[in-house]
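Across the two complexes that follow, subunit A remains constant while its partner is subunit B and subsequently subunit C.
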Partner chain A sequence: MGRNNLWSKLYLACVFLVLYSPIAYLVFYSFNSGGTMHGFEGVTLDWYKEVFQDTRLLIIVLNTLVIALLSAAISTIFGIAGALAIHRIRRYRRKNALLSLNNVLIVSPDVIIGASFLILFTIAGIQLGFTSVLLSHIAFSVPIVVLMILPKLQEMSPTLIDAARDLGANNWNVLSKVVIPFIKPGIFAGFFMALTYSLDDFAVTFFVTGNGYTTLSVEIYSRARQGISLSINALSTLIFLVTIVLVVGYYFINRRNGGKRARLGVPTQ
Partner chain B sequence: MSHLEQQQPIIRFDRISKQYDDGTKVLNDVSFAIERGKFYTLLGPSGCGKTTILRLIAGFTESTQGDVFFQGKVINGVPAHERKVNTVFQDYALFPHLNVYENVAFGLRVKKWKKSDIDAKVKEALRFVNLNGYENREISEMSGGQRQRVAIARAIVNEPEVLLLDEPLSALDLKLRTEMQYELRELQRRLGITFIFVTHDQEEALALSDEIFVLDKGVIQQSGTPVDIYDEPINRFVADFIGESNIVGGTMIEDGVVRFAGKTFECVDRGFNPNESVEIVIRPEDLEITTPELGNLQAKVGSQLFRGVHYEISCNDDAGNEWLVHSTRKALVGQNIGLRFDPEAIHVMRIGETEEEFDKRLETYGEAGNAHD
Partner chain C sequence: MTKSRNLFLVPYLAWMVLFVVAPIVLIAYYSLFDVDGRFTFDNYTKFLSPVYLQMTLNSFWYALLITVFSLLVAYPTAYFLTRTKHKSLWLLLIIVPSWINLLLKAYAFIGIFGTYGFANKVLELAGIGTKQILFTDFSFVFVSVYIFIPFMILPVYNALDELNPSLIYASRDLGASPWLTFRKVVFPLTLEGVKAGCQAVFIPALSLFMITRLIAGNRVITLGTAIEQHFLVTQDWGMGSAIAVVLIIAMAVIMILTGSGKRGALHGSQ
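This part shows the complex of A and B:
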């Protein structure tokens, strides 16, 4: 048994090594004074300096954050309503049909969603830019939020709502004082998922952005095509750090809300 | 409170029927009245409609037919949060995201009471259920019995006219359940409000209630005090459901004379047609084991179980009927014995009799001058 255990640990280590080595490689060379991704010459923070001196880049970072926070917040609100609506449906078939429609949006390729949004916005005459990016991000985040909240709703005993009404709560009280607090971990999970999806979305944004408006992922892509500059490495490293902070933060919030029954919610795709 | 209001039943069901969309009938033409300040129990097997009655009173569901009256006014369609009743749920339904204090304060908060009033009231309610000092505990830190008390405090803090209890003791272990039975009874006396308690546990019903409604298949089979229902069950279902019974078929020769197990006995029941087919109930504790010569019936011991307080002895008479006897003395399996019982121990049931007819017939017992208890 001890042998088996050793092999499985080794295997696990290998998997994570393969997963993280490209990122480690990228981070490592962000400190290279040599200016290339081969032949490490010396440690420097010049590339980071360059990132912080690039005002255009900083504005793009700001754009990305604004889009991510706004789309996550709005899609969380829509997602709560959607999850409540789906949860309320009694008929099994109808419920399943709606759930499937919801899940199709999550699994369908971003390229198709992006292209279809491009066509939609063009037909509707919406100018490509902030609005179009925001709308499309909200659209692809809502199904994720719904999926994160539904299990929590299913976990909730229906007598809780009866009890609240019995104690004199009207519909609004029931929602605000019982249902929302109960599903709060799901709401947080959905919000953070929407946030990360929005932050790193490339395909959809690539289609619907325009008029000089751009987000980080699209900007990094276009810079990487223009030629190699290690400032991209530095920027990517910073984003990676922010992501780690987000994940850790989410973990702690979830643990605090879930008490002893802490669970890290992962979307089922 | 006027004298009239005092007299009026606090809750009345007038020919209530309830049917689900798929056609299943849970309640069938149920009528009853609930008086102020008494402890009522709705007793029956699962699916008999007892919880539906509770939900109709609480306002969680609506009847298909008939009216629910509260203090003389029809309350069909009045939403749950506007009714002056509160419920203690089977799973307690405490809010897991709130602590003990906030759970109890919930009803007052949604009614927008003043903070200081809420504080006084919540503390009082917690003192009532012996939970003072537990205000800041989380629900997850409370034991089953304590949760039960929080649920009761959360309900009574709203000063309901009627407290509904939906099998609140079923999740507790036996010892705690007995303890809580005493506490509930005591609580009802101190509060002086009407309790409507739902259970499938007949012992609980007998121990707690002023009045019991025995339900089966969406119909009230019998209502009355625990003693009445135990001593004078209306039919086979009630006799079987409440306590243990020996039920055998027989013939009522004439008033006061009944024939079963191949013999004729004196009894105190009357109001039957001559030679009417009836069912006879004799409780196991009313049977006494003696020698075959002294017994009213002769039987042979088939099996025996030790139940702690008593032995449960199963014997068979010559006619093939099985008799269950509760005795503090041990019997020998295979032994021939006699079963002795008094005429008062025999309870004769007319087949298919309604509660109204049954009550009317019972009244004639008294007129005939038979002390029967």
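This part shows the complex of A and C:
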């Protein structure tokens, strides 16, 4: 058993090494004064200075964040409505039909989403730019939020709602005092997922962003096509740090939620 | 239970019709027009020409390769992960790289696989000498697998985590070797996770276009690249839509195939 354990640890170590080495590579060369991603010459912070002096880039970062936060918030609201709607449907066939409709955007390749949205916005006369990017980010996030919230709703015992009604709660009270607090972890998870998808999206944005408006992914793409520039490395180091902070925060929030549930004695299955 | 009408359905359904149904209908509609706006089936006949068929075959072949390699790496990883202490933390660490922007990772590989990059340094030290790695099939498949692997690990991990360990003990007690236990107990019970993972990798892999540009240097042309080309470069939306329609149909077929498998598995267990 001991030897098996060693092999499995070795394997995992290899996987982690491969997973993280490109990121480490980027971070390492962001300090290179040589200006290329090979042959480390000396330590410098010039590339970071360049990032912070590049107002165009900073505006793009801001754009990306605004799009991510707005689209996550709005898609969470639509997602809550969607999950509640699907949950309430009693007829099996209708429920299934809605669920498959919900899944269409999740399984669709980005290229198809991007191309079809491009047609949609052109026909609807929406100018390509902030609005079109925001709308498409909301569009592909809503189904994900729905999927994150639905299991929580299914977990919820109907007796909770019956009890609330027996005690005189109206529809709004039931929703705001019983249902929403119960599915809160799902809502948070959905919001975070939407945020991630929006920050990570390249293909859809690439199609629906016109001239003049770009998000970070599109900007990196056009810069990377021109070749290597170490300010991209510096930027990715900063992004990586922010990601790590977010992840650690998310992990602790999650653990606290999990701990609470265990203490309340809610069965995990 | 019909006392309150389903008011939540209104905004959700409206949104879905606008952003799911309408785009698909539009793309199907556009595929029937040529560049000058004339109604025609030409786009589809053009798709049946050897150029496009070859491209389709290529896309499927690469997507298959990427899926198979992802699964081969991901399954043992997920398996060993479920056996570690603090497994949720380790799992999180697997997911973290997938939160880093895809473009940045592709960009990192341009550096690593470059002529003077890290990979070539290693090859030189090993006595093999410098090789052209960037802009080859190998680099394309490697980077794609790298990017998709968390999406394969996650569903497989979840399936393995739900597996009741007493089933494994029972199988061992009954004299099965570890390999037999894996083949007859563990793998069949985690098949749903494997299917979900393959779906999550295969469909996006079919239509990759950014990695083909950056890593494969336009050498590998997939259906995704072709759609992007037609929509954004040649402005032939009709042809692009026709390819998209074919992709949508392929996707639906894949979904139905894996979906019916699910139902079958459920019946089997009852």
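Rule of thumb we're sticking to: the second predicted complex is superposed on the first by the 257 of 269 C-alpha atoms of A that agree within 3 Å, B and C clash if a C-alpha of one lies under 4 Å from a C-alpha of the other, contacts with A are read in each partner's own complex, and residues count from 1 in each chain.
Methods note: contacts are C-beta pairs under 8 Å (C-beta built on N, C-alpha and C of every residue); 3 or more make two chains touch, one makes a residue touch a chain.
Just so we're clear, the structure is a prediction, and the values are computed from it rather than from any experiment.
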{"item": "First (subunit B), second (subunit C), both or neither touched by A:Gln154", "value": "neither"}
{"item": "Partner chain(s) touched by A:Val111 [first = subunit B, second = subunit C, both, neither]", "value": "second"}
{"item": "First (subunit B), second (subunit C), both or neither touched by A:Lys177", "value": "first"}
{"item": "First (subunit B), second (subunit C), both or neither touched by A:Ala164", "value": "first"}
{"item": "Subunit B or subunit C, by number of subunit A residues touched", "value": "C"}
{"item": "Which of subunit B and subunit C A:Gln226 touches, first, second, both or neither", "value": "neither"}
{"item": "Subunit B-touching residues of subunit A, taken from the complex the two chains share", "value": "157, 159-160, 162-170, 173, 177-178, 181-182, 184, 259-260"}
{"item": "Subunit C-facing residues of subunit A, complex", "value": "8-9, 11-12, 15-16, 18-23, 25-26, 29, 36-39, 78, 81-82, 84-86, 88-90, 98, 101-102, 104-105, 107-120, 123, 135-136, 139, 142, 146, 171, 196, 199-200, 202-203, 206-207, 216-217, 220-221, 224-225, 228, 232, 236, 239-240, 243-244, 246-247, 251"}
{"item": "Parts of subunit C lying in touch with subunit A, wherever the complex brings them together", "value": "1, 4, 6, 8-9, 11-13, 15-16, 19-24, 26-27, 30, 73, 76-77, 80-81, 83-84, 89-90, 92-94, 96-112, 114, 116-118, 121, 146, 149, 199, 203-204, 206-207, 209-210, 213-214, 224, 227-228, 231-232, 237, 240-241, 244, 247-248, 251, 255"}
{"item": "Touch list for subunit B against partner subunit A, complex", "value": "58-60, 79-82, 85-87, 89-91, 93-98, 106-107, 109-111, 138, 140, 154-155, 158"}
